[in-house]
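What follows is a structure written as structure tokens; I'll ask about it next.
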Amino acid sequence: MTNIDVELVDVTKRFGDFEAVKNISLQIQQGEFFSLLGPSGCGKTTNLRMIAGFELPSEGEIYLKGQPVGQLPPFKRNVNTVFQNYALFPHMTIADNVGFGLEMKKLPKAEVKQRVNDTLELVRLPNLGERKPRQLSGGQQQRVALARALVNRPDVLLLDEPLSALDLKLRKAMQLELKELQNKLGITFIFVTHDQEEAMTMSDRIAVMDHGVVLQVGTPTEIYENPATRFVADFIGETNFLPCTVVGCDNGIATVRLGEIAQINAACDAQLPAGQEATVIIRPEKINIHPTRPDDATADTIFAGKVAESVYIGTDTRFAVTLADNATVNVRHQNVSVDDPLTHVRAGDTVYLSWQSAAARVLTA
Amino acid sequence: MTKRQIGFLGILLSPGALWILLFFLIPSLLIVVYSFLDRQTGGGVLWSFSTDAYVKLFTPNPNSPIINDFVIIFLRSFWWALLTTIICLILGYPLAFFIAQQSTAVKSMLIFLVMIPFWTNFLVRTYAWKFILNNNGLLNTLLHGLGLPRIPIINTPTAVLIGLVYGSLPFMVLPLYASIEKFDYTLVEAAQDLGANYFKVFSKIFLPLTMPGVVAGSVLVFIPVVGQYVVPTILGGGKVAMLGNILAQQFGSAMNWPFGSAIAVIFMILLMFGILIYFYFEREEETV
Amino acid sequence: MAVQQQVQRGPAARAQSQTHPPRKAGSRLLTWGNRLLWANMIFSFVFLYLPIVVLVAFSFNDSRLAARWSGFTLKWYGLMFTSEAVLTAFWNSLVVAVVSTVISTILGTMTAIGMERFRFPFRKTYDGILYLPVIVPDIVMGVSLLAFFALALDVINSSFNLTGDSTLRAGLGTVIIAHVAFNISFVAIVVRTSLRDFNKALEEAAMDLGANEWTTFRRVTLPLIMPGILGGALLAFTLSLDDFVITFFTTGPGATTLPIEVFGRIRRAIGPDINAISTVMLVMSIGLVVLSQILQRRSSN
């Protein structure tokens, strides 16, 4: 119990008739980089705002370090937030902004000054203390917002899409920097984002949310490799969805019928009854594509199809292949060899697709 | 600029500029000139240099508590303008805040309700109060009907102040609303997140950032009130005079134009001083 | 992971899915604050509207004694519309307002365009001067115009030997001149705002398509800033119609406007006849606000 920083127990938030967050329970470990990931309106920000204290849960309780805080106002919680658009006070200098939280705690002036300087140095913005926020670039403002929160040494740092206002290059750099900072300080970070790549890059664990519900909690690998639902599979990365009917299921391997084409094996989590309608998912990069029928011993599944479209994008080539029953499958083929015969494949050509049974998964939700 | 553009600009600006020069700047300067001339009995001036007007304005009167009656009226006008501004702020700031919190539809309706008096004839609105506060007005008729004693409120400073606040309130609320409306509420959350309680949030974040509205509203209330003529005449009955009354009196019945001019000049100097302070602070704001 | 969750569900046992009433943080303080805000709002609006409502109500009062209700009547309106003085004053007000609005709208719009679209020496200074008629208290402007017109008319009359009926006197003419003098600034300020919001690329597009400056102005700029110009005109019209102080000092005998007439009556005695005239003026003002709101909404669309 001691290593749990934040716990949400059966938390629900209603705005009038609208349920923004539905009965969520989460546990976030001390020192963890935890992301709330989902499309806009999924409840991730409401969730964060409840932890910060800007919204109070309609039902359930929130614990910080084991203490219930659900009904406390934000200024009585030892958590700090980095806001989406930074929310720097425009009428105060950078130093006053960063020192605001310490000033509220009535710390002696000398100590405030010392800690403000240290923290500005930590975020690599020394000597800018006397400037006003509007004199700083977006990236610098971002760092000030970070410093303003970190200087208070919060138990938990909440970050509400803090990188969304930055351009791509700066965003990438800040992602690494944030992660590095978190490692150094050991503070629990709860990070809200709609950008799956960002979440994958930075997080120890991710909670994928949709329509106010947490669909899956897990490490980036777990979520990518074993998505719990179609939504998760679709939201994280690219996936092919093939409707199927379960024929049988044994020991984590299901046999399913893919329309009229074939019967194949795929991984499954639970025992599935025969006859159930389900979906087979397979990631485009896990499909091998061949110009001629392969003699591939490792492949369990081989299909013939017609190329509908091929797009060369440098690192790899993307094919859309139409199978016998008009289902289209997207394939990513890495451009490894110099004289790849696939570079000559054009729309309308016949190709062959193969994959390992374990690469495909059967989902019912 | 090309020659053609200069010509074009001249055509655009000169008629308006000429009008303002002729019928605003020259009359204003004329008042300065008049204040240094001799009075002509029956109105007008004699074209000979004199400082009589200013001497009269600052000559102590042993019967008067503060220098003389004119200085008292000056002080009273500025003091009442200040009082009016403060009362309007106390009523207007929370009102503007309240309006800014409402949904869009309610907001625009309430602002419309504030704007109606803003556009309505000032004389008529002042008269409405006279109708209520008069000795045989609505208030006293009601009190009498209830068997209560009448309140002699007309022609008192209270009546004048009510009228001044009444006339000025919309001028305070509208600029305040404009700046409160622009306020970014995530800053409140940011401050709370950093440990500021409600009072700190107000004093450290909300008030400083809505200060431009407070300043604009205060200027819009203060300056016209100092020079009020209608309210002290109708609700003060000339018994509690303000600057506007003595100005009108000197150019009217008293027929002392140089003296009236001197009052106007000193009045304008004091106001300009105030405006300079205002612009000084506004520039400070801009560098924020 | 499922096992871990079971073990670590410590605080959860205490929570037991309790229900909280929907309220905001720091409730008691905010509740009181909210009550005060409501009370202040209600007080303010009652304060703003009660006098107006009373005024209108008593314009239908049958009694000559102003504040004692003795039955409904329209006779004060009848009296008003048959009173020579009121009708003349009303007509004069209208003439002054219309003429001064037309002149000040044209001059003000030209000034706005010049100020907003050109950079020239002393632009800042002129900008400041333009604001002066708005800032300077009307009483000061009134007395200085009184002094100015007295001198100017004197000079003109004596240098052109105008005597008897041909003597130039203060009257509606001087009032119109004075109203234009303060209205130019108001119109210029309003029109400048709409010019500032104006997308300059539209003008560039017109010129790119071959329109010269004048055609661009007439076909693109003017139609787009029209709501702003109308808004400025409406403001000028209202200010002119409502003005008492400056008119009071610049008018002459026989040139009475409605506010001057009302002021004279108020000084004599209060009564339902003034309530009736005031009500008509109120209705006119409200009509003008509604019109300005409609214009504003159209310009923001």
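Just so it is clear, A, B and C label the chains in written order, and each chain counts residues from 1 on its own.
Methods note: contacts are C-beta pairs under 8 Å (C-beta built on N, C-alpha and C of every residue); 3 or more make two chains touch, one makes a residue touch a chain.
Because the structure is predicted, anything quoted here is derived from the model rather than measured.
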{"item": "Chain closest to the assembly centre - both centres taken as Cα means", "value": "C"}
{"item": "Chain separated most widely from chain A, comparing mean CA positions", "value": "B"}
{"item": "Two chains joined by the most C-beta pairs in contact, as defined above", "value": "B-C"}
{"item": "Rounded Å distance between chain A and chain C, as computed from the means of their C-alpha atoms", "value": "55"}
{"item": "Chain A and chain B, separation of their C-alpha mean positions in angstrom", "value": "59"}
{"item": "Interchain centroid distance [CA atoms averaged], chain B/chain C, Å", "value": "16"}
{"item": "Multi-partner residues of chain A (each touching 2 or more other chains)", "value": "53-54, 73-74"}
{"item": "Chain B: positions in contact with at least two other chains", "value": "192, 197"}
{"item": "Overlap residues in chain C, where contacts from two or more other chains coincide", "value": "25-26"}
{"item": "Touching residues on chain C, where the partner in the complex is chain B", "value": "25-26, 29-30, 33, 36-38, 40-41, 43-45, 47-52, 54-55, 58, 65-68, 107-108, 110-111, 113-115, 118-120, 126, 129-130, 132-133, 135-141, 143-148, 150-151, 177-178, 180-182, 184-185, 188, 213, 238, 241-242, 244-245, 248-249, 259, 262-263, 266-267, 270, 274-275, 278, 281-282, 285-286, 288-289, 292-293"}
{"item": "Residues on chain A engaged by chain B in the complex (per definition of touch)", "value": "52-54, 73-75, 79-81, 83-85, 87-91, 100-101, 104-105, 132, 148-149, 152"}
{"item": "Residues of chain B touching chain C in the complex", "value": "1, 5, 8-9, 11-13, 15-17, 19-20, 23-28, 30-31, 34, 43-44, 91-92, 94-95, 97-99, 110, 112-125, 127-132, 134, 136-138, 140-141, 166, 169-170, 192, 197-198, 223-224, 226-230, 233-234, 243-244, 247-248, 251, 257, 260-261, 264, 267-268, 271, 275"}
{"item": "Residues of chain B touching chain A in the complex", "value": "184, 186-187, 189-197, 200, 204-205, 208-209, 288"}
